[in-house]
Structures are given as structure tokens and as C-alpha cells.
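Paired with chain B in one complex and with chain C in the other, chain A is shared by the two complexes that follow.
Let's look at the complex of A and B:
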């Protein structure tokens, strides 16, 4: 466990010593503050739209941080050859995979907390309401979803040599699931065999990331997701992340270290 | 004396880049023993199989046949690497970390207690003369300084065996002298050192025993003094003779 936490610590350190996170945060903050400073037609509901825009930016930024940070981890270790002094220590490849996953997930979690604190302040000052529990639940669910995304990007980093191709493919998959994943069962009904079975199989196989998107609840102030559903969603994310990490380890354990 | 490194009929094959070439044999049934407390020089021309052998010992590459042991533990077990320190040919460390951070990281990997680790980091940075630069990121270090950080990280667990892959490669004379004196000091402390080098003069000075391999095969092995006396030549001439170099053909 000490090895995994040491490896995770390095990933977190790398994130806050690079500029990616700061650029995304400043960009999100600037866009939100600019929007907040404009009072369109004295419309009070503008605060709701502002919240939606800010949450959307947080979702995009968090996805960018999670995928880009994860996609470069193992390829960078191989390319810079830092993997050699590391594996010359009593470190297994399994621990490397877990350490990288833990580090990326933790780093993304820290970034999410910063984003949500900013969001809470902006939304709170405009609406004079502080639904902290709702925001905490939205943060938690988003972080769980990012666990699956990070595990997917880690698997991609073993399959694809270039981090850029891995990042692009991960973005396409994640955005695809978020947009159409929940409708695949409806699509399957309109298909003839064997496409119907394939579409159904795909519907049951893919991780349903859209379940973690509670932005509409936050936006329309519709209360909390039941805690039991939240717990199940956490278990669901843990299961998919574990499966993806297992696949990553199976591929990585026999992988040649030289690029 | 007890063998710390043991290779038994070690064979490593890999796929040649072009499919028509089939499999390439990098190491052919290599048998070797490195005993406790000795400095062992592992010599050979480029492509002889030195790095491949070291890669097997360090668990980077799996042997196709035979066995390799460190402290009587098969190298396939990660625990075999608990008591070794490794310095790669070129320094490969996280450039965004400082020298003390990288040492702290590796100390944590070995499960060394924080207070012990801090004492050891101070001692090692003093040994490699990097005390004043300890808080600077590694990306600002010169090549020689990075190599010395590499040596410090190889010693963080107070290893019984040091595996050094061309430790003085690419260093200026001062850097070489510093690395050499550190190896000498480790030898005096009773550490076992297994290292590859192309600097034969250096090997002759530091090593107790050497092995010369060429095209994956062991050509000769023995104490340096014994080889020099037996062949009535210096180590460089012995090396050239065993790798089949013929000056008249080269000319």
C-alpha cells in the first residue's frame, strides 16, 4: 500500500507542478465571472443559466484533466525511461497500475473540489442559497464517474502508444456514452437482428456514465438523489473501474517496456 | 564465498524486427556467479548482451530459458530486488522533482521509516556532493549531477548489491573520478558491485573479477590479476582478443 501511495503522490505532485490544471481553472473562472457580471434584461433566472454554464465547464474541464493526465502517465514513464529505476525496486507492474490510477483519481478529485468551491461561491452569491449537500453529492457522483474514465484512459495508455490518440479515443467514447449511452436500448428496439442483439449487448456492456450526471437536478433545484442510489452508483463505478484496471494489468504485465 | 548473483544457463531470445529473420538470441546459456563483497566487471562490445542480462536480473525482461537468482531468490519475484540498488546508463528520473524529493520517493518505495530516510538522504547527498543543490528540480541539473543523484537513489536502501550499467558513460573526467571514488568507497564498505563498462582502464583498477561476453556467449571469466598474468597483456588487449578483433583486418 505504501508503494501505491508513493506512486500516487508523484502523480499529484506532477499535476500541480504542471500548468494544465491552472489554465483550465483560470479559463473556467474567467468565463463564469464574465457571465456573472452581465445582467441580461434584469432577468433573475439568469443565475440558473449561469449555474448550468459553470457546471458544464466544470464537467468539460474535469474530463480534460482526467483523460489528459491519465493518458500520458504510463507512456511518459516508458518514453522518459523512468519506469526502469522504478521497476528495479521491489515494485510490481500491478502496483504501478494501481499507483497511477490512484494518483490520477486523487489529482482529479482535488481539481474537482477546487472547481466546486468556486462554483458554490459564484452560485451562492448570485442566488443567496447555499445547497452544500446537493453540490457535495454532485461532486461525489462526478468523481465516481471519473474513476471509470481514468481506468479507461489507463487501459488505453497500454493499448495505444501515443497519448494523443488515446486521449482522442477516450474523449469520443466518453462523450458518446454520455450522449447516446442511455438511449441505446431504444435504438435496439428499432433494429432488426442481429444488429438488435449487438446494440442490446452494447447497452448492457458499456458503463453508463450518464447516470452520474446530476447537473439538471442541481440546475432545477430538484433535491437530492436518494442515498441508496448514490451508494449503488458508487459500487457500479468501483466494479467497472476494477474490471478496466484488471484488463490494464493483464496487458501491462507482459508488455515490453521499450517504446 | 556465497554467490549473490547467479545465472544458470540463462537464455534470452526475442523476435527480430523483420519476421523473416525469425528469433534473435541475445544471451546464450550464460552461467555466471558474483560473490559477496566483490566488484565484478561485466564487459562486452555494444550488442553483446550485457544490458539484456542486466535487464533479466532487474526483472525488466523475462528469460526464455534458464534461471537468474539474486540472493538465492528468483528474479521473477519482486522481493529479490529489495536489497539491490540500480543505476541505469543514463539518468531517468522525474525531472519535476528535486533531489531530496526523488530520494524521499524511493525511500518510501522501500518502506524506509521517515526519520531513517531523512538521515540517509542527508548522508547520501553529502556523499554525492549535492547538498547545496538538494532543493533544485532535477531538470536544472547537469548530466554529471544527474548521474550522482542516480547513484544516491541506488544507495537509498543501503543495498548489499549495486547494479551499475555503464555508470561513468558520458561523464567528464571529474565526474568519472567522483563516481569511481564512490564505487571504491562502497567496495571498502564490503558492498557487492556488479557493473558494466566500456572504460577498461577503470575496470582494471576497480574490479576484482571480470567476465567478457560477446554475441551473448561468455568468453572468459576470472580475477583481473589472474587474467592479466595468464595472458601477459593488459585488460584492453585481452578484451580485444576475446571479442575476436583483428587489427590488421580493421586496418
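Let's look at the complex of A and C:
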């Protein structure tokens, strides 16, 4: 466990040494502040559009941080040949996978906290309401979703040759699931066999990342997700992440590390 | 030497800029276009429609069918206001697009979605305004953006001067629009209680409607009825009963319920008849 947390700590340090997070945060803040400065019929308390835009930017930024940071972890170790002294410590490949996953997940979580603090301040000053529990729940669900995304990107970093191709494929998969994942069953009904069965099977097979997107509930002020559903969604994310990590370990175990 | 070259290049840049600047203005219709028009061209109209639909999504607090749902999006007229309260129940039923959960994934996903059909109220209608304003920026010829925004501003948010200003902006962009003139007349009559200005604006709206109707195979008779009925009410309130009867007669020809208008006409005619008792005295 100590080894895993040490490896994770290195990844977290990498996040605040690199400029990705700062650039994305400044961009998010800049766009949000610019949007807040727009005058709509002399009403300064209109907040819905601002919250929607800010949350959208947070989602995009968090996805970029999670995928890009994770996709380069193992390839960078291999390219710099630091993987050999690392495995000679001795650190098992299993611990490398867990450490990298834990680090990326934690780093993304820290970034998310900073983003949501900014969001809370912007929304709170605009409409004089502080639904902290709603924001915490949205943050938690987004972080759980990112666990699956990070595990997916880690698996991709073993399968694909370059971090760029891995990142692109991960983005396509994640955005695809977020946009149409929840409607694949409806799409399946309009198809002929065997596409119908394949699409329907895919519907039950894919991780339903769209569940974790509760932005609408936040900016339409529609209350909290039931805590039981929140707990089940957390378990679902844990199972999917564990499955993807196991697949990563199985592939990484037999992977030749020399380039 | 390098400094001289740098100075020469800087001078060249400046000279080319002074030469090109007046010409770039004429690239986009004599420099009158907004940045969005230059950047997006006609594509901004699609964006304008999307933003208008976004306002409707906000009005329904996010409870809105997606392209995957079989139900059509709610009729745009609905956002125009609750003028037809009788249709509300029907509207609620037609928009229950979710139905029963299709499977366990769908059932579970409803915990994370908006599943209640509600409308913005108690001043929260203001949340639709940014989308309408942006929609008007994208396509200044989308008439509904002006009339819908003005309706909510004037009738629910108490921002009558903003509503008037926005309608006037729309009128500058669409000088032939009878819809905007009609909305403007409603503000003058209902909010400012200025009958003279309302009459002028509605009469102009009627003139514009007739001009457009002459060019169309199937003119919009609902809009015509609204204009003449409102003119009729205005004249009735002002005591010009003959004019009021004339307007109601026109409305009767296109109305789906002419019997109600006929009753109003009969009432007005009775008022116009000389009172026999008064004449005896």
C-alpha cells in the first residue's frame, strides 16, 4: 500500500508541476467571468446560463486532465526507461497500475475541488444561494465517473502505441457514451437484425457514464439525487474501474517493456 | 542592419494595414455586420433556432425530449405564455414523453435526470432571457425571439421598458413585421394604458398584415383576428362603438368561434340604439 501511495504521490506532484491544469483553470475562469459580464436586460441575478456554461467548461477540463494525464503515464515511463529502475525497486506491475490509477484519480479529484470551489463562488455571488450539498454530490458523481475514464485511459495506454492515439480514442468513446449511451436501446429498436442485437448488447455492456452527469439538476435547481442511487452509482463505477484495471494488469503483465 | 530591416518591415506592415483596413470593412456588407455574422455566415440561423429551443428547455426546467424520443418538442407557442389555460392539461399529457422505464438501466438513470414536468415561475422566467437575447443576436430576423422575450419581460418580470426597447430593436431589424408591432401595441395598451399610441401601432400592424397577406396563398388568419379583436376592444373601451363593431365584424369572418363575436356585436348595437324612455322624457 505504501508503494502504491508513493507512486500516486508522484503523479499528483506531476499534475501541479505541469501547466495543463493551470491553463484549463484560467481558461474556464476567463470564459466564465466574460460571460458573467454580459448584460441581459439589466438583470444581474440571471444565473442559469452562467452555471451551465461554467459546469460545461468544468466537465471538458476535467475530462482533458483525466485522459491526457493518464494516457501519458506508462508510455512516458517506458520512453524515459524509468520503468526499469521502478520495477527493480522491487515494485510489482500490479502496484504500478494501481499507483498510476490512484495518482491520476486523486490528481483529477484535487483539480475538480478547485474547479467546484470557483463554480460555487461564481454561482453563489450571482444568485445568493449556496446549495453546497448539491454541488458536493455533483462533484462526487463526476469524480466517480472519472475513475472509469481514468481506468479506461490506463488500459488504452497498454493497448495503443502512442499517448495521442489513446487520448483520441478515449475521448471518442467517452463523448460517445455521454451523448448516446443512454439512448442506445432506442436506437437498437430502429435497426434490423443483427445490428439490433449488437446495439442492444452494447447498451448493457458499456459503462453508463451519462448517469454521473447531473449538471441539469444543478442548474435547474431540481434537488438532490437520492443517496441510495448515489451509492449504487458509486458501486457501479467501482466495479467498472476494477474490471478495467484488472484487464490493464493482465495485459501489462505480459507486455514487453523495451521499445 | 537588422534594426533597419526591422524598421522597414514594421513600416511595410503599417502601410499594408492602412491600405487593407478600409477594404476589409466592405468585405462584410459595408462593415455593418456583427462579428458573429462575419464568423458564422448563414450558419448562425441554425444556432439561433437552437438557442430559441434552449430557452424553451429552460422554460420547462430541463424536462424536454431529445432527438431520440419519439415525442415532438413542445409547440413554440407554449412559451408565448399561458393565454390558453384550457390547453394546459392537454399540454401536460402530450409532454409526458418519458413513459414507463424501458429497462433497468433506463429506470436507474431516471434518478439522475429531470423527470418532472414543471414550468419556470415566480420570477424565475428570467432564466430564458439570455437564450432569447443570444438567439436575436445570432439571427435578428427570427421574430419570435422578440415577441416571446417581450411577453415575459412585460407580463411576468415587470420590465416593461426593457420589453419595449427589445421590440423596438426587433422592429429596426424587421420593419415589415406586424407581429412585433402587435406586441408593441399590447405594451402601450396593457402596460402604459396609452390608447392613442396603441391604436396607431395596431393599425400599422393591420396594414402590414394586409400587405403580407396579399403576397401569401394562405394568410395567417389567427394573427389577423388577434389584431382586429384587440383594436375592437380598444375602440370599445374608448367609446367608439361603431369602429368597434366594424373591427369585430372583420374578426368574425375568420374566427373559429364567430358566435361569441356576434354576441358582442349585438350588445354593442343595442347600446347604440336610441333609448325610447330617454327620448320620451
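As a working rule, the second predicted complex is superposed on the first by the 255 of 259 C-alpha atoms of A that agree within 3 Å, B and C clash if a C-alpha of one lies under 4 Å from a C-alpha of the other, contacts with A are read in each partner's own complex, and residues count from 1 in each chain.
What we mean here is this: a contact is a pair of C-beta atoms (placed from the backbone, for glycine too) under 8 Å apart; a residue touches a chain by one contact, two chains touch by 3 or more.
All values reported here derive from a predicted model rather than from experimental measurement.
Once the two complexes are overlaid on the shared chain, A:208 sits against chain C while remaining clear of chain B. If you count the residues of chain A touched by chain B and by chain C, you find the higher number for C.
Contacts of A:19 after superposition on the shared chain: neither chain B nor chain C is touched. Look at A:185: by the touch rule set out above, it reaches chain C but stays clear of chain B. In the superposed model, A:87 makes contact with chain B only, not with chain C. With both structures placed on the common chain, the touch criterion links A:232 to chain C but leaves chain B unconnected. Chain A has no residue lying at the interface with chain B in one structure and with chain C in the other.
Contact residues on chain C toward chain A in their complex (touch as defined above): 58, 61-62, 66, 68-69, 102-103, 105-106, 108-109, 111-114, 116, 126-127, 129-131, 133, 149, 153, 157, 159, 162, 166.
Those residues of chain B that touch chain A in the shared complex are 58-60, 78-82, 84, 86, 88, 90, 92-97, 101, 105-106, 108-111, 150, 153, 157, 163.
Those residues of chain A that touch chain B in the complex are listed here as 2-3, 5-6, 9-10, 13-14, 17-18, 80-92, 257.
Residue ranges on chain A touching chain C, taken from their complex, read 38, 40-43, 45-49, 141, 180, 182-183, 185-187, 203-204, 208, 210-214, 216-217, 220, 222, 225-226, 229, 232-233.
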